[in-house]
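Presented below are the structures under discussion, each in the form of structure tokens.
Each of the next two complexes has chain A plus one other chain: chain B in the first, chain C in the second.
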Partner chain A sequence: MTSYPVFLTDKRTGEPVAAELIETISEADLRSVETEWKPVTNAKIRALMAKGLSPADWPEGWHWKWRDKVTAINGLLAFRTFALRCEGKLQGLMQLNTARARCRVPEQAGKDLVYVDYIETAPWNRTAIVDTPRFGGVGTIMIRAAIEVSRDHELRGRIGLHSLPSAEAFYANVCGMTDLGLDGTYEGLRYFEMTSVQADAFSG
Partner chain B sequence: MKLEITREWFERRAKQEGDLEISAGRLARDPTPDETDIEPAVVDTADPMRMAFGSLVETMRRRRGLTIEKLAERIDLDAGDIMRIERDAHFRPEPRAVYRLAETFDLPHKALQQLSGNTVARPGLQEQALRFAARSGESPQKLSRDEQQALEEFVAYLQKQQG
Partner chain C sequence: MKKTMTLNLTDTEMQVLQDLCDKKDLSKTAVLRQALRLYQLVDVRLEQGGKLFFEDEAKKEKAELMVL
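So, the complex of A and B:
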């Protein structure tokens, strides 16, 4: 198990606090999802149901099952997974596929990239679920880690992903990725790609 | 992997992230172990059969006098999953969830998988499904006599298909 010292923003103070990015999602992480994340998300869903809102109005990704995701890739070398922990609790998860996809941006079309299968932050960090988020910066750390995995594979920081609709602003404006539009082959989600130049700009 | 993050870099970047949502990945469902790298075999659309599947689950549940939460408990699914199965025709339930529903309601597995969109439907199923869906109401209480009859006819058809 490899772990890297990183930071998250404590939303109570606005200051960075020490966190830990751990390579490979563990059984303890999956249990954290089931026993700590799920009740928070379910409480929000119950509140929305009580207001008569349909699943279309529930927080995106509410039904993701990380245990299924991790089981599906068990033993496959192309995948790398990460868990972000802070103050003893799981704050974020990411799954990367190093062998799935090729670049679509014209200047690097056809070259290999690291495809981000999934990124998710803990429900208590999401304004879609709680009024006052606990930690910030999970996306920043995860995307930086994906870039470093890409560099590790000599892919010069090239990464690609399909953003959930509510997260498009983060990938377009904060990460500076190229927006290649809605992808009809992938549930109509918007596809974003980061070039090596954009990766350098983000991590610099 | 080399990952060296300075406090200064993080502060600068995290400030831009703010409270933005960051989720990436498939929206509709989770992959099953045998399809980690492929697109769904069946197009995930709100077709009439999928709507009939939702109506069937709802009417069967009501006939048994089960709340959404009770059914969820019984088949070890989230209540949210049951809600989406019944009301969101774009949601494609996992095969194992359909299997559990078939077991619980004593319905034929294969026909139910076809109706749910997980497998290709036999000829004739769509017509029967439409007929059933059209006769299903939205009353949250007891099934009407017509709903009861529609349900019985459709279940009899599904069982005949299985054989």
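So, the complex of A and C:
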């Protein structure tokens, strides 16, 4: 198990908090999703249902089943997974696919990239679920990790992903990725791609 | 930890490998590692009962790729 020291931001104090980015999602991480994340998300869904809101208004990704995702890719070299832990709790998960997609941005079209299959942050870090998020920076750390995997594969930091609507501004404005518009072939989600130059600017 | 191996290729195979390196802007090692990832993924999916297709949307053609 490889782990890397990283820092999240405590949203209550604005101070950095030591965290750990761990390569490969473990059984303990999956249990954390089921016993710590799901109850928070489900409580929010029940509150929304009580207000008469439909699943379209529920928090994005509420139906994701990380255990199924991880089981499906077990042992496959093409996939890399990461877990982010802080203060003893799971704060985020990510699944990368190194054998899925080619670049679409003209300046790097046809070259390989690392595709970000899924990123999720703990429900207590999401403004869609709690009024005051606990930690910030999960997405930034995960995207930096994806860039490092891309570099490790000699792909020069090139990554791509389809964004859920609530995260579009993050990928466009914070990460500086190129917005290639809505993709009719992938659930109508907006596709973003990071060039090697953008990767250098974002993560150095 | 990474291990080193010697690979014996014909001239043609080496030329194909070099062409892929030039096209993808990758080293030979990186191309072969990517090929291994893809080959394993395809092999496992086929073992699970999946099929691999190439589709030409313009010509409306779809051909199953037989992987030995």
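Of note:
Note that the second predicted complex is superposed on the first by the 204 of 204 C-alpha atoms of A that agree within 3 Å, B and C clash if a C-alpha of one lies under 4 Å from a C-alpha of the other, contacts with A are read in each partner's own complex, and residues count from 1 in each chain.
One rule holds for everything that comes next: a residue touches a chain if its C-beta (ideal position, glycine included) is under 8 Å from a C-beta of that chain, and two chains touch if they have at least 3 such contacts.
None of these values were measured; they are calculated from a predicted model.
Contact comparison for chain A: of chain B and chain C, B touches the greater number of residues. Contacts of A:Lys111 after superposition on the shared chain: chain C is touched, whereas chain B is not.
Look at A:Leu77: by the touch rule set out above, it reaches chain C but stays clear of chain B.
By the document's definition of touching, of the two partners only chain C reaches A:Glu154; chain B does not. Look at A:Thr98: by the touch rule set out above, it reaches chain C but stays clear of chain B. Residues 76 of chain A lie at the contact with chain B in one complex and at the contact with chain C in the other. Across the complex, chain C meets chain A through its residues 23-27, 30, 33-34, 36-38, 40-41, 44. Those residues of chain A that touch chain C in the complex are listed here as 75-78, 98-99, 110-112, 153-156. The residues of chain A lying in touch with chain B in their complex are 2, 4-9, 16, 21, 23, 42, 45-46, 49, 54-56, 58, 60-65, 68-69, 71-74, 76, 95, 97, 100, 116-121, 126-128, 133, 136-142, 144-145, 148-149, 151-152, 161-167, 169-171, 173-174, 185-187, 189, 202-203.
Per the touch definition, chain B reaches chain A in the complex via residues 1-3, 5, 7, 9-11, 13-14, 16-33, 35-37, 39, 44, 78-81, 83-84, 87-88, 91.
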